[in-house]
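In the two complexes that follow, subunit A is the common piece, with subunit B as its partner first and subunit C second.
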Partner chain A sequence: MREYVKYFVKRIGFSIFVLIGLSIVIFFISRVVPGDPARISLGPNATEEAVQQLRTKMHLDDPLLLQYVYWMEGAVQGDFGDSLMTKRSVIEDVREFLPASLELIFLAALIHIIFGMVLGVVSAKYNGKWPDTVIRIFSYVGIAAPPFVMAVLFLLIFGYWIPILPSIGGRLSPGITVPTVTGFVSVDSLISGNFHALSDNFVHLILPAIALALGNMFQEARITRSTMVDNSGKDYILMMRSQGVKNGLINRKYLFKPSVIPTISIMALDFSSMFCNAFLVETIFTYPGLSRYAINAMLRNDLNAVCAVVLILGIIFIIANIAVDIIVSILDPRISIGSGGN
Partner chain B sequence: MGSEKNTGFEIKDLKISFKVFNGELKVIDGVNIKLNRGERMGLVGEAGCGKTTTLKSVLGILPKQAMLKSGQIMFNGEDVLKFNSAQMQKFRQESCAMVFQDPSSALNPIFKVKDLMINGMRNSLNTKDKSWEKEAYGRAVKALGEVMLPDPKRIMENYPFQLSGGMRQRVCIAMALATDRHLLLADEPTTSLDVTIQEQILHLIHKLSVEKDMSLVLVTHSMGVIREMTDRVSIMYAGTIMEVGDTKDVLENPGHPYTRALIDCIPKLTGDGVAEGIPGRVPDYLNPPKGCRYVERCPKATAVCREEKPQLVECGPNHMVACHNFGR
Partner chain C sequence: MEKKQSKKVLTWKKQWYRFSRNKMSVAGLVIVILVIFAAVFSPFITPYPQHAGAFTDYASANMAPGSEHLFGTDYIGRDILTRVIFAFRNALKMAVIVLVISVPVGSVLGMIAGIRQGTWIDTLIMRITDVFLSVPSMILALAIASILKPNLTNAMLAITISWWPWYCRLAYGTARSISRDNYVRYAELTGGSFVHIVFKEILPNCISPILTKMTLDVGWVIMTGASLSYVGLGEQAPVPALGNMISAGIKYLPNQWWNTVFPAIGIIVIILGFNLLGDGISDLLAVEED
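After this line comes the complex of A and B, so read on.
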């Protein structure tokens, strides 16, 4: 157990170095891209003097290393400078857009984790029979079609042909507001007891979340299925069967538990990749999320915003990975106790 | 649990094929094994000749691609192959158990020995009330003691990966013997263990089978093990039984060329170094030879061997051989 705690302390310590590395890379890349951020920010009509003033203010004339030190100094205090695009401080933008994206991604994660496993288990159980075949066909389609195709398709179906869900984005319908406490509309509406807002928020979230989740869901279903089918022929399952243990218990416990471990490991990656996929989905649904913000920042050379978003996503990626490692090590004692014999 | 009824165990003319992409692998083609209660039978043959498949078919744990073509597996006068799933479960729970070849893959790596043993026998116990778990725990500890594991209570709390290979195999044997079963199928129980441990495990199996008056089918490659451990031996080649008889008799007067070749493969202390092995290899199961399956490798093969499948015929007291050349 102590080894185990030590391992995670080490992991977290190592993550800090990863973040520093990431910050160096993203900072220098952002400084070598062509274009003068000060000029872009002020527009073509600004005077040379004003531009120069902004350049000095942004430390753009200092040596790169010094710029990095200034920037890092601010970053650890949560100050990433001002966004050139929104003219607000970047951290304020992040505070507004990150919860929106997280809300979307959490719902998508919930969908793909639950249904991915359920479909995988069903597929494995009916291996080679029609439910497996149907799920397999949908899986190939779902994995092959990128989330934005799904997004457009869903909008067309549920927003236009069968208009039961809002096709205009945002997090809430116009006219409904909730007081901002956490920034998560769903949580805020729960806190304020506004269930109408909660359901309205859900209605806005569900389509983009499904569009985002489908690819991962089918991927996870496939992986769960194949590990379960593989493992069902393993000696340790045959051993239990040969002892006359009931099939239900074997499947539920001795087959399922070892089989979900690989699926859980890839969930961390899936979770992070959703931030990238979220960009197009957020754009299509005009959902005010961080991914859309980040891409717009990139297109407009808004370097402060880009650096901040990349760092934050890095932190989220690391947290997701560590969380998954903890879950996996709880499920698999070989990791937490250490495989002495092997 | 009905031990009076145990009149023996017999496999009659078992034929099993495997469905594969380009046809049908006719792996088991006429296996006949008969052993009386308390007898220890060795099953010898080279790799890939269907020994494991035969044992798995007894417990109904063959993979899905396997197709049972014909045959009977008689236990206490009932045909195991005709059992419905409830009867099969009862057979597994009360009568028959198997020890697998590789103990490190036969124990689920992420559960404690305690969990595996207790749940392994939960349906094999007569106690159906709440005390079953306690009884199962007691039996598990006793069984671990019987397989000579020191400190059984500590082992119960261990995960399989915390045990050595020999200890794992002992746990597997303990699982098989924790309840009073009458038939033990041991599928090369020592192949994946190192030599010093092999000896211990074999002695253990022998001792327990005597103590518990259990019939044993022991699959092995080693003629030495056969001589030491078993009363009777069946020589198997490519899914058919070639020769069967009392161990001593078969080893001293082998009737089948394959048996002779196997015995010649044993390195001799006084001999001319390492034996050469049997040239050739196991036939293609997709298109097995029409007649005797050993024909391609047999030095004595004649025309009739290619055309006609030899039947097991008496060649001595309690000794049968399937060879056209015998007695000629």
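After this line comes the complex of A and C, so read on.
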């Protein structure tokens, strides 16, 4: 237990340092941009006084360092200023759009973990035979195809040619509403007992989730397969086989189970790669998540929103990394906590 | 001398033998050679090289793939095959420039930090690296590109800024592990300059993991570049890029599907080629290290 506490203290201290660094990088890059953020925000038709008012409000006339201090002061209190795009406070926008992104990414992660493992196990079981070859060829293409390209192709195939799934639109079909409690539509519809809404939400999520999951899924199939195949030649497996231990038991307990650990240890990386791929996938399916919000903010030079989203994503990834480290240290007794990380 | 040379030829042959045993690596090599060839000679081998820019021919707009236009034509009558090949040229140019800048910068910084481990130089360089690696390269590249003016140069700059830390960390790991080795200490004690130690003692040990990562990274840089140009933060129309062709074509779905499908296949093929080649090369170098 003590090493966990020690690990936490060390890790959180390091994380705070990284976040401060990230905030400095993103803030200073956003402020050296030519052009007046206040003018960009208000448009060319705004009066000079209005622009000046906003400049004062955003502290744009102060020295850069002081601007950063003001900005950080707000940021630690959760105040990232107003979004120039939605005219609301950025944190309100994040609260609205983040659950949608998380919902999508959790479903994608579920698909990628379950099917990735199944494909990997099948591949390993039929090592060298045709199912293995077929899966391998699909893997090469699946890993090479960027998720946004898959999204566009899915849009064409399942949105237009075989229109069986809704490809464009929000989280629910028009006309279906659930009371907002948590912001997660799936959870909210469960709470209110509205199973129609739950299935409708699922149908809306499935295409973007598959587009996000495919690359990681095939990557995982490859990792699971290679771990299982590598281990199957080891002495302890041969010994068990020679002693007549049932194949099913060997496969389950001694080949499959250890192959789960490398999968989990790259999960934080998978999670962040899905978040960044969601930037385009959400845009293509016009799914109202944080990633699409971020892209729109970027395209409209909404600096407050861009800085806030980058910083918040940084925090989310740090939490994900710590969580994965802990899970791996629990699953694999050989890895002690604290040896990883920095 | 002669003997040494024949030995080298033999190892090349051996390397090729090892490499060619994996059919997928050979397929990757073939794809990469074809793509590079097409990209370099695109003005000569494409059927309508003038279509690579702002060309309009409304009479032959929106033609389906056929004998005259293998991949069809876009909404203003430009040949898609021509534009995909020119887009390969842009994608490769981008990947080469990004890697040529970010790899040396990252590796040299990483090696310096590795040799000077434990000093403030190490701390400074590696902590900055940690900051840059705290968010995925693509998000950082998108954020930086969006703050700058949207064009190819700035897109390349944005990707470069978010790419070097990976090489810094890679070179750091190797440099750190060997900087206490006897031959490095010997060089230090006999008065070898810092530059000599970095480039003559440390670099040769870092070069193979760096090269492996580079070949694997070409595909990723192309993908990041395509993503940037898809959202309009990279190469601007009328210059063809894989991303902006898809985003322009998406408006014409589903009837003029060839506008999006062929550039999409183009991206998959170019990344697939570099991934397969990279896998093959990394297998080769992994065997070498055993």
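Keep in mind that, in the parts below, the second predicted complex is superposed on the first by the 324 of 342 C-alpha atoms of A that agree within 3 Å, B and C clash if a C-alpha of one lies under 4 Å from a C-alpha of the other, contacts with A are read in each partner's own complex, and residues count from 1 in each chain.
Quick note on the criterion: a residue touches a chain if its C-beta (ideal position, glycine included) is under 8 Å from a C-beta of that chain, and two chains touch if they have at least 3 such contacts.
Keep in mind that this is a model prediction, so the values were computed, not measured.
K.L.:
Who does A:208 touch here: subunit B (first), subunit C (second), both, or neither?
P.N.:
The answer is neither, since A:208 touches no partner chain.
K.L.:
Touching A:241 in the superposition: subunit B (first), subunit C (second), both, neither?
P.N.:
Only subunit B is touched by A:241; subunit C is not.
K.L.:
Once chain A of both complexes is superposed, is A:289 in touch with subunit B (first), subunit C (second), both, or neither?
P.N.:
In the superposition, A:289 touches no partner, neither subunit B nor subunit C.
K.L.:
Check the residue A:257 against both partner chains and state whether it touches subunit B (first), subunit C (second), both, or neither.
P.N.:
Touch partner of A:257: subunit B, not subunit C.
K.L.:
Thinking of the overlay built on chain A, is A:81 touched by subunit B (first), by subunit C (second), by both, or by neither?
P.N.:
Neither subunit B nor subunit C is touched by A:81.
K.L.:
Looking only at subunit A, is it subunit B or subunit C that touches more of its residues?
P.N.:
After superposing on chain A, more of subunit A is contacted by C.
K.L.:
Please indicate which partner A:233 is in contact with in the superposed arrangement: first for subunit B, second for subunit C, both, or neither.
P.N.:
first
K.L.:
Scan A:116 for contacts with subunit B and subunit C and give back first, second, both or neither.
P.N.:
Neither partner.
K.L.:
From the superposed pair, tell me which subunit A residues show up as contacts to subunit B and also as contacts to subunit C.
P.N.:
342
K.L.:
Give every residue of subunit A touching subunit C within the complex, in rising order.
P.N.:
It is residues 14, 17-19, 21-22, 24-26, 29-30, 33, 140-141, 143-146, 148-149, 152-153, 155-156, 159-161, 272-273, 275-277, 279-280, 283-284, 294-295, 298-299, 301, 303, 306, 310, 313-314, 317-318, 342 of subunit A that touch subunit C.
K.L.:
Applying the document's contact rule, which stretches of subunit A touch subunit B when the two form their complex?
P.N.:
Those residues of subunit A that touch subunit B are 128, 233-246, 249, 253-254, 257-258, 261, 331-334, 337, 339-342.
K.L.:
Note which residues of subunit C are touching subunit A in the complex, please.
P.N.:
24, 127-128, 130-132, 134-136, 138-140, 142-148, 219, 223, 226-227, 230-233, 246, 250, 253-254, 257, 260-261, 264, 267-268, 271-272, 275-276
K.L.:
Subunit A touches which residues of subunit B in the complex?
P.N.:
Those in contact with subunit A are residues 56, 59, 61, 63-64, 89-94, 97-98, 100-102, 104-111, 116, 119-124, 159, 161-165, 172, 175-176.
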